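Multiple structures follow.
Presented sequentially are two complexes of chain A, the first with chain B as partner and the second with chain C.
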Partner chain A sequence: MSAETAETTEILLFQVGARLFASVVHDAVRIGSVRDVPAGELVVGTALGMPFARERGIVVASHGDGAERTLVVDHVIGVRPVTEAELHPLPAFAAACLASGAVTGFVIVDEAPVLLVDLPTLVREHPGAAPQRAA
Partner chain B sequence: MREPQDLKRKAPRAAGKKDGTPSADEIVTVLRAFAVGQYGGRVDLARFEGTPLQEVARAVNATADHVEAEIREARQRIDTVSAGVDEAIEAMVRLVIQGDLSGSLRLGVADAALTPLIAGVGQVMETLKKFVTEIREAALQLSTSSAEVLAAATQNESSTSAQASAIHETTATMEELKGASHQIAENAQMVAAIAEQTLSGARTGEGAIKEFMRSMENVRKNASEVDDAIAKLSKRVERIGTVVEVIDEIADRSDLLALNAALEGAKAGEAGRGFSIVAAEMRRLAENVMESTKEIKNLITEIREATHAAKEASDGNKRTAGEGEKLGSNAMTSVTGILSGIQETSDAARVIHLATQQQRTATEQVVQSMGEIEEVTRQAQSGSKQATGAASELTKLAERLAELVKRFKVD
Partner chain C sequence: MSDPIAPAQGDPSTQAAGPEAWFFCLRLLGGRYAFEAPLVTEVVRVGPLTRLPAAPAFLPGVFTHRGEVLPLLDIGQLVGQAAIPIRASTRAALVHCGPWKVAVVSEAVEGLVALSRRSLEPPPAESSGVAEFLSAVGRDRLGAVAILDLPRLVETARARAVPAGSGHA
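Up next is the complex of A and B:
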């Protein structure tokens, strides 16, 4: 299958700490500024690690309750299409080793594997942040 | 005095006309012989017997006899006196030769005519005795005085010798002093020359310090102007920073909007592809702006640091200029003091030079005077030696005189 005809999926690339992560675009409601959100509603420390710059907040719709939570990241790289071939499920051994269930697989970006994260699951695993009422 | 024999021998005889009549001529002839001291002639009384000239003839003859008797008596007295005189002279000579003036003259011949002579000789002896006594006393005094003179002359000679030695040493010292004065004068002149040079150098230094102080003042003024410029620059930079912050905020929001647009475009699938492309482009622009603002911020930071450094440098310059002005002022005070000191040193050295020149002249005069004194002292020393010799000779003579006078016995 050629790259032009293959099915593509849009992923959102973001950075927490020194590591790059990816998520499907539908997991993110919008990208916001951390400054605009009260500190109590932010999801800062997650299984992805602790952000340093905390420049961006990815507003995530929490499954089930309709509330939104803002995942604090250091930087949002942008939206990028990837082919199905570049998407890989998480190996069973790796899934067994990881404490979080938010990591669903990995995607090859620029020939490097980037963890694919289920953002709603990630913010749910973080109990500290109060949910935001969706606008 | 003629001898009676001579009178008799030469007495004319009353010759004449014995055979004829006696005449007065015969008497006249005898008288004429008397007149020339010839008393030996007599008138022949027998021829004038019974003549008127008989008594005259007798008187003539009687006169002649009397005169002859007187002459004989006179001759005897003369002989007696001559013997007395001879005896007196002999006695005097004997007394003088023996030196015994204690006794008196006693002659074996007694004649009244010798009385004045004896009295005169006694007077002479008394006078001589007095002279001898006085001479003895004088000789004694002379001996004592000459001994004192000898001692004084010896002392004087010793003193003169010591004085000559002292004068010689003083002259040598004055010569050294003259040399030292000369050296001091030269040194003082050198000090004066050095002081003049130092004075010139110090005046140059004074000018340099004034120039330095003007430079420091200019540095301080320039530093103040730089301060003002830095303050204005800081305000401008702050203003730029504020503007950049606004731009950065706008760019950030633009980036955020572009991100959301891209997100929404991606969510929309194929329909939102064009929207995504525009959003990506917008995002790239926003990122470029943010990159630029970041660079501007960095530049502003660098400018702030540079202005801060410039401010500190300017403050340092002002402090340095202030300190430089203080140091210059202190240096000026010091140089003024140094100038004053050097001027005083120069004046003092000049005065010392003049004083030492005068001292040198005075010392030369003293040396000359000392030389003359030395010469005079040498002469005095020679005179003292001569005086000592003369005093010694005088002492000997006095002793000799005393010895001689001792030979005369007066007591």
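Up next is the complex of A and C:
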């Protein structure tokens, strides 16, 4: 299958601490500064680790209740298309051992595996997550 | 990169002790440990590790091998001992245990060893550390070989990990 005809998925690349992560772009409602968001409403320090700078926020619509929560990250790198062949599920043993269900697999970016994260699951798992406002 | 699973030279004395069984021997925790050879599909070089968030210590990460993402199992960490160092030359045995496919990291790979099942002795009575997972102890010309019940070890590792959804980072 050629690159022109291969089906692609758009992923959002972001950084938490020193590490790069990816999510399906549809998981993010919007991206913005976290300066105006009350501290108690931010999702900081998830299974992905603690952000250094706490500069940017990815607003995520939580599954089920439709509430929006803001995941604090260090940088949002951007959006890029990936082909089906670049997406890999998490190995079954790893999936069975992780304390977080938010890591769903990998995407190969520039020949390196980057963790693919389900953002709604990630913010739902965060014990201190407070709803911002109903959708 | 992978290596063929080459048989090591067997101990002639085992032939007199009954039919031989093949085991796959690794060096780890400063000793020789083996498990049933049919569990092993290949020996692979451990590539650059991608660490997983919220993973137990015995799962130091995953790596890609021929386009497949493989989880790395560190038996040292599982039994409360030091982590096996990951270097460019580090190799792992790729094993299938029931539904699980894992790469067992080692200090060195010895390969196949033939041991007579009748010559195998019961493991030490200890129930802590790696002794918990021993099924027998054998001996060849290079010395003692501890036989691991690898399917039980892998299943225990999975059971000791906090299942997804029941814990928080």
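We take it that the second predicted complex is superposed on the first by the 133 of 135 C-alpha atoms of A that agree within 3 Å, B and C clash if a C-alpha of one lies under 4 Å from a C-alpha of the other, contacts with A are read in each partner's own complex, and residues count from 1 in each chain.
Keep this in mind: contacts are C-beta pairs under 8 Å (C-beta built on N, C-alpha and C of every residue); 3 or more make two chains touch, one makes a residue touch a chain.
The structure displayed is predicted, hence computed values, not measured ones.
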Task = Report clash or fit for the pair chain B and chain C bound to chain A in the combined superposed model.
result = fit
Inquiry  = I'd like to know which partner A:V79 touches here: chain B for first, chain C for second, both or neither.
reply    = first
Request  = Mind computing the angle chain B to chain A to chain C from the CA centres, in steps of 10 degrees?
outcome  = 90
Residue contacts with chain A in the superposition, chain B compared against chain C = C
Ask   = Does chain B (first) or chain C (second) touch A:G17, or do both, or does neither?
value = neither
Task = Give one of first, second, both or neither to describe whether A:H88 is in contact with chain B, with chain C, with both, or with none.
result = second
Key: Which superposed partner A:E125 touches (first chain B, second chain C, both, neither)   = second
Inquiry  = Looking at A:T46 after the superposition, I want to know if it touches chain B, chain C, both of them or none. Which is it: first, second, both, neither?
reply    = second
Task = Have a look at where A:R30 lands relative to chain B and chain C in the superposition and call it first, second, both or neither.
result = first
Request  = Give, as a whole number of angstrom, the minimum Cα separation of chain B and chain C in the superposed three-chain arrangement.
outcome  = 25
Query = Considering the complex alone, what residue numbers of chain A touch chain C?
reply = 45-49, 88-101, 103, 105-106, 108, 112-115, 125-127
Note = Seen from chain C, its contact residues with chain A in the complex are 48, 50, 52-56, 59, 62, 64, 68-71, 73, 99-102, 154, 157-158, 161-169
Task = Provide the residue numbers of chain B that touch chain A in the complex, in ascending order.
result = 252-253, 256, 259-260, 262-263, 265-267, 276, 280, 283
Ask   = Quick one: in the complex, what on chain A touches chain B?
value = 10, 12, 25-26, 28, 30-33, 56, 76, 78-79, 81
